[in-house]
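Okay, got some structures for you below.
After this come two complexes, each holding chain A, first together with chain B and then together with chain C.
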Partner chain A sequence: MTAAIKPRTMKMALVGDINVGKTSLARMFIDGTFQARYQASVGLHFHTKTLRDPSVTIQLWDTAGTERYRSLLPHYTRDAVCAVLVYDISSRDSFDNVRSYWLDFVESHAIPNMVKFLVGNKADVDTREVSDYEAQMFATNHDTFFMETSAKFGTNVDNLFTEAAKAVIKAIPETQFENGGIRLEDLHRKHDRRCCLAHA
Partner chain B sequence: MSKTKFKKFAPPLEISEHDIIFWIGDLNYRIDLNIEEVKKCIRKSEYKSLIKQDQLYRQLKANSEVFKGFEEGLPNFDPTYKFDAGTDNYDTSEKSRVPAWCDRILWRGPGVKQLRYDSHPQLKVSDHKPVSSLFEIGVRVIDEKRYKRVYEDIMKKLDRLENDYLPQIKIDNTDLIFKDVKFIEPQIKVVTVANIGQIPVEFEFINKLDDPTYCKPWLKVTPCKSVILSGICCEIQIEVYVDKMTAAKLNSGEEKLEDILVLHLSGGKDSFITVGGNYLISTFGSSIEALVQLHGPIREVPVAELIQIEQPGSLSLVDITQDGGRLYMVPKEIWKMVDFLHKHGLDKEELFQQPGRNSEIQIIRDCLDTGKPENISDSLSVHSVAESLLLFLECLAQPVIPFEFYSRCLSTSNNLLLSKQLVSGLPDCHKNTFLYICAFLRELLLYADKNGLEIKFLATMFGECMLRPQKQLFTSASSREAVVKERRSKLREEEAKKAAFMYHFLSHDIELL
Partner chain C sequence: MYWIPDTYSTQDIASAVKTLLSGFPVRLMTTEKVDEYPDMTGELEGYQLKALNLFILSMSQPHRDTLHLLLRTLHMVDKNQGKSKMNADTLAPIFGPILFKMPDKLSQKDQEAKLTQFSYLTKMLIRFNSRHFYVKQKLLAQLRESVAKEKSGAGSNDRGRNVMTVTAASLLVSAPSMPKTSMSIKITPDTVAYEVVDAYRDICKKDGSIPNTSWKNCLFEVGGNIGERCLDPFAIIMDVYQANPSAEFVIRPSAVKSYTAFHSLG
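Coming up: the complex of A and B.
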């Protein structure tokens, strides 16, 4: 058996304005479904998905974008190894808010070396208000990865998280990560179960 | 041999657990013919007639328990035992053994094809002739493509399993609006949390970031933690109750009826329940400064204006008398309650001792806040009015003796002159209110033979209401016993000093300097 039985778990947080598609990205990534009807997230959800290459388990936290919950978010983002900053390419406001608010927000509540990933979602929409050039420039200037995605069609969604995982592996050695505040006690139990299942 | 294990496999495999087994060795089987017959057959290379008398061959054919499942090719060579070492001659010793196929190669397992089965008579070192065999065997290899697919399928299943076994709940209402919340009138809303997952859910309301508690002091959640079994619902009562501890801050606008409850599932997600609403500002919890500026009922005053006059120092900022307005000497609400007690309570026994009725206190609150009816209805019980008065004094945003004078009060409590000086230095509206209440209490004491009131009791009771330290005393409920004990004795000491301070003003009609 060549694959590691116990892949490293990494916590990633999706942040950004409301209705930019954070939950849709998570859905598409986790179980490959898309729901067109918008429903605001109330609270914090997480799901896990194991990648084969690189071999890691991603624990993906989907946050509520609603303004009144913002004061609660640091509680959930401060131990993430990767922040995915999502905006909607058809909403200039949502991009401006990444620049003026979200980037600062994640940086001020982050572990050292946290990987930042700027994501222009809804790439399938033709009423674009933010050019990929502009976003790419911004990302480059802020030491941030960049990609455009479509949660609706799944374009680049797996790619996004695969790249993010690779970047995390590069930026944050596992030893540091172990101390990175992830709730290991929760995860160990799950891994043990996983081992048993893998042999059964 | 049956105990041999190959450790490099996990778990270790025994010999019998392998897909293909080769059994090679001197198995010592003989041919059941006499030496002449055997040698005759050998000369003619009639191996077929020989093998039929071979013990192993027969055993394998008979499917006996020995070498079960093993196969062997037919030997197409001379028996390999026993030779005179160094020669091609069968045993010439005294024993003169019958030649036999002692050395054999067997196999067990699928996909094995024997290509050759030979002996090597040119090798003469031993009294055996070596045998060899060439096999073509099928070996299972991993189809990388299919392996990847299966691996990914399993991983997906595991992820799904992991996600399925996360606690899952559904909350029927995450946005609670409490309309027109009134002072000391609880409002309750029920939130139903359904466990829609496959495992029991353990939930708890948790503190937000660095907050010391999970909700605001005017909010109560029952139960605040519990376990819900799969498929079961749990009703959570969310109660808003504004009492004397919380009224003042809501009145002044410093605090709002807004909170977010974080419902945390052990090993799972967090949900937010938003609590909002509006508080109907009451004269209970207002400040004396604001109340003496208010002519009409408080409910008719726009909230913004109220918040403005609630700000500390609002009296000195604007001189409302300039525009023809006037200030009350004491808040009219206090006057109304005192007036009622004066009319109906002077000779009532157990005044300030018997509790009032909650429903009546709420009526009194509405009367004071809305001005309807203009005066407290005569039909209400004096005890309800008496309790309302005490409550009113306890609720004042600044006590009758303002916070900044508190510690000085305690230290001057044993000195009449200093106490007098202190009172004369109070802001006018506070001073007036203080003296007004003291005058009323002295009058009550004139009827002591009927109402049974004692000066010490009144001094203690009103000392508690009118002298309050800035810090609330109930804050840290988790203190250790020793701390609690120490605090209690300190409280008793302070209580005695407050009473002593009050005593001066209840025993004499004091002319201020």
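Coming up: the complex of A and C.
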């Protein structure tokens, strides 16, 4: 019977400073590849992946960390049920920016009960500048989940998104966000007649 | 950047397209009328589409052609959402801010409202794709009438420079880029545009003046009571001629339309 039920769709947003590995995390999660060549994201990348356990389809909105696209961020992260705040464990600045900017940012544009996940990426590098203890303490104090990952070797990547999905299922009932995406229909709800035809 | 298959992912290509589009000196949806973008709030969908249609028809041709190509691609992504895992809902917030320019000096709240509006418009653009580019028959008739009036008011007689003549059932078609620059094509009341183009090609092929390969030309209606318009492959030529007796009929490649699918392979 369960096979007939459509997996719940949930929107997750990856945010964080430039060059902390958001796109690499997304790619490793989606198709298991890693690209050493760095290329700044333009605007936004969008990915989806369906997990078996828990049975969910994750819509991953991989945002650009560049300052140039900051004004678009609230637009992209709107209605996300989970924010993945990524920093680079070998960059003190990227962690400080999570504390001073990114956490406030997601909280001010979040839906109620949004799940927050603090992620220290590049766990494979030797030049650590942020200890896992410090990050864990920060996460605990701000009601945020925490995990260290390595997008390069795939360490904890699947685990991260599975845990995030489980946390979302626990924290947010499905009915609140059936579409899983943004609600453009808000603009003309009264007369929306044909648009729904195109919904999957 | 040179192309090596498998070296670049879909995301790389998408990034390149987005960079190209956002790097244009002006955004694709032109900025001069930014305040006139249809405010769709509370409007019926039919009106919204009509407003967008008129808006797109008022754009400059290079913008409109580029937009047409882009929307065709995005529409295909939306249509194949089972495979592409993307649909108009998810494409819209990505391409909205790239197609439209944010007006300067807006508060954060106004910016967000504007972005929502851009996304909504983009969703409509993607979903109804080619419908936005049609010129409605009624509008065309009005246009022809007003152009004809303007011309007669100015006292000019355009018929003198007319290179097209219809005698009984033959149409003079010109093709400036071909070795054979003009010829007479027989038409019947049922002849449609792509058949004229096909007939031209066949005659050219018969006397060996064009190579047997790629042929991606369209029929254009030029002058008379209209500026220029690429005819739909199924436009009935006799009707077009009657609506615009002093037009020239020209065969040349089009940036957005293609008759290729209708060409008989024989």
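Operating definition for what follows: the second predicted complex is superposed on the first by the 173 of 200 C-alpha atoms of A that agree within 3 Å, B and C clash if a C-alpha of one lies under 4 Å from a C-alpha of the other, contacts with A are read in each partner's own complex, and residues count from 1 in each chain.
One rule holds for everything that comes next: contacts are C-beta pairs under 8 Å (C-beta built on N, C-alpha and C of every residue); 3 or more make two chains touch, one makes a residue touch a chain.
Please read these numbers as outputs of a predicted model, since none were measured by experiment.
When both complexes are overlaid on chain A, the residue A:Gln39 reaches chain C alone and has no touch with chain B. Legend: residue contacts after superposition of the two complexes on their common chain; A:Thr23 is shown touching chain C, with no touch to chain B.
Using the contact criterion defined above for the overlaid structures, shared-chain residue A:Arg52 touches chain B, although it does not reach chain C. Judged by the touch definition given at the top, the superposed model places A:Arg99 against neither chain B nor chain C. Between chain B and chain C, C touches the greater number of residues of chain A. Contact with both chain B and chain C is seen for A:Pro74 once the two complexes are overlaid on the shared chain.
On chain A, the surface patch touched by chain B in one complex and by chain C in the other comprises residues 42-48, 71-72, 74-76, 186, 190, 194, 198.
The part of chain C that touches chain A in the complex is made up of residues 9, 11-12, 14-15, 18-19, 22, 40-45, 48, 78, 81, 85-90, 92-94, 97-98, 102, 108, 111-112, 115-117, 119-120, 123, 127. Of all residues in chain A, those touching chain B in their complex are 3, 30-31, 42-50, 52, 57, 64, 68-69, 71-72, 74-76, 186, 190, 194, 197-198. On the side of chain A, the complex with chain C involves touching residues 23, 27, 33, 35, 39, 41-48, 59, 71-72, 74-76, 179, 181-182, 184, 186-188, 190-195, 198-200. The touching residues of chain B, counted against chain A in their complex, run 148, 151-152, 154-155, 158-163, 166, 174, 208-209, 260, 262-263, 267-272, 274.
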